[in-house]
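Note that the chains take the letters A, B, C and D in the order they are written out, and that residue 1 is the start of every chain.
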Amino acid sequence: MIIVMQPGVAEADLAEAVRHVESLGMKPHVLYGVERTVIAAVGPERDGLKESLEAAPGVAQVLPILAPYKIASREVKKDTSVITAGSLSVGGTKLGVIAGPCSVENEDQIMKAAHGVKAAGATALRGGAFKPRTSPYSFQGLKEEGLKLLAKAREATGLAIVTEVLATEDVGLVADYADVLQIGARNMQNYRLLEAVGKTNRAVLLKRGPSATMEEFLLAAEYVLSGGNSQVMLCERGIRTFESHTRFTLPLATVPYLQTKTHLPIVVDPSHGTGHTYMVPSMTLASIAAGCDGLILEVHHDPAHAASDGYQTLSLTQFADVMQRGRKVAEAVGKTM
Amino acid sequence: MIIVMQPGVAEADLAEAVRHVESLGMKPHVLYGVERTVIAAVGPERDGLKESLEAAPGVAQVLPILAPYKIASREVKKDTSVITAGSLSVGGTKLGVIAGPCSVENEDQIMKAAHGVKAAGATALRGGAFKPRTSPYSFQGLKEEGLKLLAKAREATGLAIVTEVLATEDVGLVADYADVLQIGARNMQNYRLLEAVGKTNRAVLLKRGPSATMEEFLLAAEYVLSGGNSQVMLCERGIRTFESHTRFTLPLATVPYLQTKTHLPIVVDPSHGTGHTYMVPSMTLASIAAGCDGLILEVHHDPAHAASDGYQTLSLTQFADVMQRGRKVAEAVGKTM
Amino acid sequence: MIIVMQPGVAEADLAEAVRHVESLGMKPHVLYGVERTVIAAVGPERDGLKESLEAAPGVAQVLPILAPYKIASREVKKDTSVITAGSLSVGGTKLGVIAGPCSVENEDQIMKAAHGVKAAGATALRGGAFKPRTSPYSFQGLKEEGLKLLAKAREATGLAIVTEVLATEDVGLVADYADVLQIGARNMQNYRLLEAVGKTNRAVLLKRGPSATMEEFLLAAEYVLSGGNSQVMLCERGIRTFESHTRFTLPLATVPYLQTKTHLPIVVDPSHGTGHTYMVPSMTLASIAAGCDGLILEVHHDPAHAASDGYQTLSLTQFADVMQRGRKVAEAVGKTM
Amino acid sequence: MIIVMQPGVAEADLAEAVRHVESLGMKPHVLYGVERTVIAAVGPERDGLKESLEAAPGVAQVLPILAPYKIASREVKKDTSVITAGSLSVGGTKLGVIAGPCSVENEDQIMKAAHGVKAAGATALRGGAFKPRTSPYSFQGLKEEGLKLLAKAREATGLAIVTEVLATEDVGLVADYADVLQIGARNMQNYRLLEAVGKTNRAVLLKRGPSATMEEFLLAAEYVLSGGNSQVMLCERGIRTFESHTRFTLPLATVPYLQTKTHLPIVVDPSHGTGHTYMVPSMTLASIAAGCDGLILEVHHDPAHAASDGYQTLSLTQFADVMQRGRKVAEAVGKTM
């Protein structure tokens, strides 16, 4: 950790900062520069250290050197983790493809989706039973009935089920039905929920919050991992920026970045990441080329009449077409799909 | 609602869109323009309508005209609501001032803070017992013990207690001790939690999420209000932007904007909104001048040794000074503090 | 154009707005809704109309329906324009690849770059002679001497030259040497410069400003096009967001978006778009898969000793490797490279 | 400068980095940490150094310690500079107030504005003669005729003239008429223009670009200052963020931030910073309370018929009212207006 002192810092403040560093078990090296004095503190960087040093008198800036996440770090595990949950496998050379409707609406709809996406090559079925909705007046999902329909679809197709869990009190119930527990973007920093899924034996798909930094994203994963659950997939689904021609901005550089920082596999969501059906195919191909380990896509047999998210949902025909084109791109980058 | 069709839209798609509008109980007016055809749909705009129309073939854009929030809207209540909880009152001509440490650390600390902020003119005490922390390895708060210390501080000073609730399972416990339940920025879209506090008889301080739009913010309030709890204060605490010289960017235009849209009173948090102690005084004065109804400020008797957020915390002396200067600005804009 | 009036608008204000619309040559249709009154103004939308209506009393919102750019619009030209400048062609099924150093440093350096990128398959050479630098104390480029070296490199390799022009007074000089005039991101809204290059017969590579909306970007192109120069390539080079692990955020959805809005071809710059050499290869492949028409990449024979931008520059070996992998992805999406 | 090496860095790369630092005239101190090795380079930080070190093998991160701007820095001049240009003075305890229309339209209009704003207490007149417009089809200003009208207004009222200069070729002409040369937000990084105004003896009002960092902003000022012109005022006019209920987000923490970093005085523009007339008064008061040295406001005798920016323009009555309220806030913070 590097502690930069203010210009013309008082000797007493400098001495106090040095004592502070020592009291925290780090070894301080004071470097008197021409214009600034700097303390290089060598040793383990404990959480909260940056914060407490920043509040000390005479300190201008504190620059940590080590990443605050541990279990998620690629420094502790060199190879990408392969997460397997039923028919879904993410992290190997074959991409995992999670597809299905935004919301489970009824048996006919989810069965059509399940059979359709399976035929086109999907390896898991998505579908929301508990829906987080911006407005309290919107459709909130079928809840347990929706979970039962998802289980039926799994029985019929063999596809693993990926579905969102919204609250700690539902974790047990959702885990009874689902193969993968999805933590939505709005809940990325709902730490109790992260702790709760960290105590299950279900794989977790953790979506990035729309204004989360990479460090916050990896620390959210660390909440799950430190609870004992190592089956975490990270999902980039777009960030909030000034751009208004897309619903969110999909930053694919997340893929190469995370590959250097963490061993957790990376899934991309081009549906939420763009918010427009017509953009989904090209951004799906781009995600594959960028090197993602998996995809999650909204697919419905009749998007114009979907209960939610129709404007960013692929029809079964469109999905089949994207899969076919995606396979070629996957091969071009040494993978299969 | 205005439905803009794509250039050269097929007659069949136009007819289908018209039917769709009618089936939803709105009256369509088709306007054939030189270059575009537009359907003006007159009547109540139901939630989900925009979404379903956007997914329809031939539709380019759907422009809602009415706000999706109802109870929060200033159109239903012309005067600013005054929220009262113990010693705290927010929404009248006297500003509410909530001050205290980021975290409750021990009895001595919270008592010093409580007496100190009261002496300087604060009307409520803040202090975190349940702390949402970015890292699982950070101090997570004293929990119920912290709540008990807050209750002691209230007993000693008469100050109302404002403290954060993190999870639905804690709502009852926190409501037993607190006068105001704070929903933190990370939980602004934790809808279950919003529903849970909406069922209590405690006032709620709802913080804006760092990437929330005004519509999302007001719809989050609507979750609380529609649960039956009308005691909601909105809190602007800064948004995430490209700026890195502040922790968040504090957009004070939120104050005049919300004043035209909602009757709920508006509190500003210059501590989180800047992230640097030295900026807090000037941004506090700016918030008052912008017309806010209340302030929430981090204050500690010894910021350099605070367990959290020391870098953005005022000392008791600094707080007293800000209060004194703030009073003058409040008077200049026709208020008291 | 749709004019939404404020709730409870006065009859006089409504009448005045109607007159205003008529005076501008549009036909107003007044729609009295249950809660709001709306004027649908049918006819050509003139520039400035939105602004003047927005300032009128009683008006809540003005929603334009037509795009403000005309010549750039895909509605006036259905096929993607193919821009050709010497060895470079952008817009057909073969991708244009512009590669070379950030700055021209000396003859040896630019010759090594030119021969190296040509051997690997580049179709044009980039290199800065006039450099816009954030600090006045940074290397500002070799200026005319740099242009001469670029011309030598063209002579030796046959590669078209792409180089930036910073100011109207240099347009003639740069046009004497270059095949393509690059307008940098900082100058995207330097309208005089856009007008000046619009009067040349050189192709123009227009880079998106880091906070430009798509509409502003296309209107900047319109400045060049309306000056009589139809040879415009658009270049996405990353936007400024809260993300700090990349220099800019590269939003590839720009590619499918622009393809629906404009006939101008689209080039992507993964070097500036990421700011880190290690991310450039994967984002190059992603750009190709997203459907771009061309690429611009920073390449140097010795990036660690480049005069500028070394941290985001590929070595010749890295570039050759990216080209080889890129060709496979291009084929997978039905193109060549 | 602190150079953080990658984990497990090769000895050869470390040695090379040390040599690199020495070759640049700095003294390297190598600190071998438990997990990372760090080089602390003591001595003057030259521009470009960070860039060249970042591209070196084995280097993970380079952290500069000194600000790259010199003349603008408060470290070289402790007191705020007072800039005086005719009737305008900015930087003392009396706030400078620049007011007037977005564009000069005709003699009657500019005279009404000039007399009106003077009567209400403005200390300078703004008005655009050369207008940078997003669309090539918008009104581009009266050019020299506009400058002549501004000069007439100065003659009639004694108010100093603040007007924008768009291009190097106009600098002489505009300087002949204006007291203050305004550099617009779009041109903040038009370095040739900055150099050109740096060679005049006219005061400069430099507006922040909507996505400029503080460092970029101060380095833009440095371009003017290093040309020999020390009369620079900085102007915060809002940044581009995800917020859509305002035209830009006005970050008033810019004021306390810049006060610690630079001696240049700070002007705030609540008109562009909000984009809505109704928000301008409260944000003007907030700017004063935040401690700004001056204000620039759009004022027109008939905003509904203004040629540009009417939606964010105050009427003369509204301006007089804001001035009156502003004076009280100024007094509350120890200033006059």
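The rule we apply is simple: contacts are C-beta pairs under 8 Å (C-beta built on N, C-alpha and C of every residue); 3 or more make two chains touch, one makes a residue touch a chain.
This one's a predicted model, so the numbers in the text were calculated from it and none came from an experiment.
Asks: Which chains are shared contacts of chain B and chain C?
Replies: A, D
Asks: With chain centres defined as mean CA positions, report which chain is farthest from chain C.
Replies: Chain centre farthest from chain C's centre: B.
Asks: Centre to centre, by mean C-alpha position, how many angstrom separate chain B and chain D?
Replies: Here the centre of chain D sits 31 Å away from the centre of chain B.
Asks: Centroid from C-alpha atoms only, then distance chain A to chain B, rounded to Å. What do you get?
Replies: So the centre of chain A lies 26 Å away from the centre of chain B.
Asks: When you check chain B against every other chain, which residues touch at least two of them?
Replies: In chain B, residues 211, 240-242, 244 touch at least two other chains, as defined above.
Asks: Please output the residues of chain D touching chain B within their complex, sorted ascending.
Replies: So the residues of chain D in touch with chain B come to 211, 213-214, 239, 241-246, 249-253, 255-257, 260, 273-274, 278-279, 282-283, 285-291, 325, 328-329, 331-333.
Asks: Please name which positions on chain A make contact with chain D in the complex.
Replies: Result: residues 2, 4, 7, 29, 31-36, 38, 40, 42-44, 63, 65-66, 75, 240-242, 244 of chain A touch chain D.
Asks: Going by the contact rule at the top, pick out the chain B residues touching chain A in the complex.
Replies: Within the complex, chain B contacts chain A at residues 47-48, 51-52, 54-57, 68-70, 132-139, 166-169, 186-187, 189-192, 195, 209-211, 215-216, 219, 222-223, 226, 240, 277, 303-311, 313.
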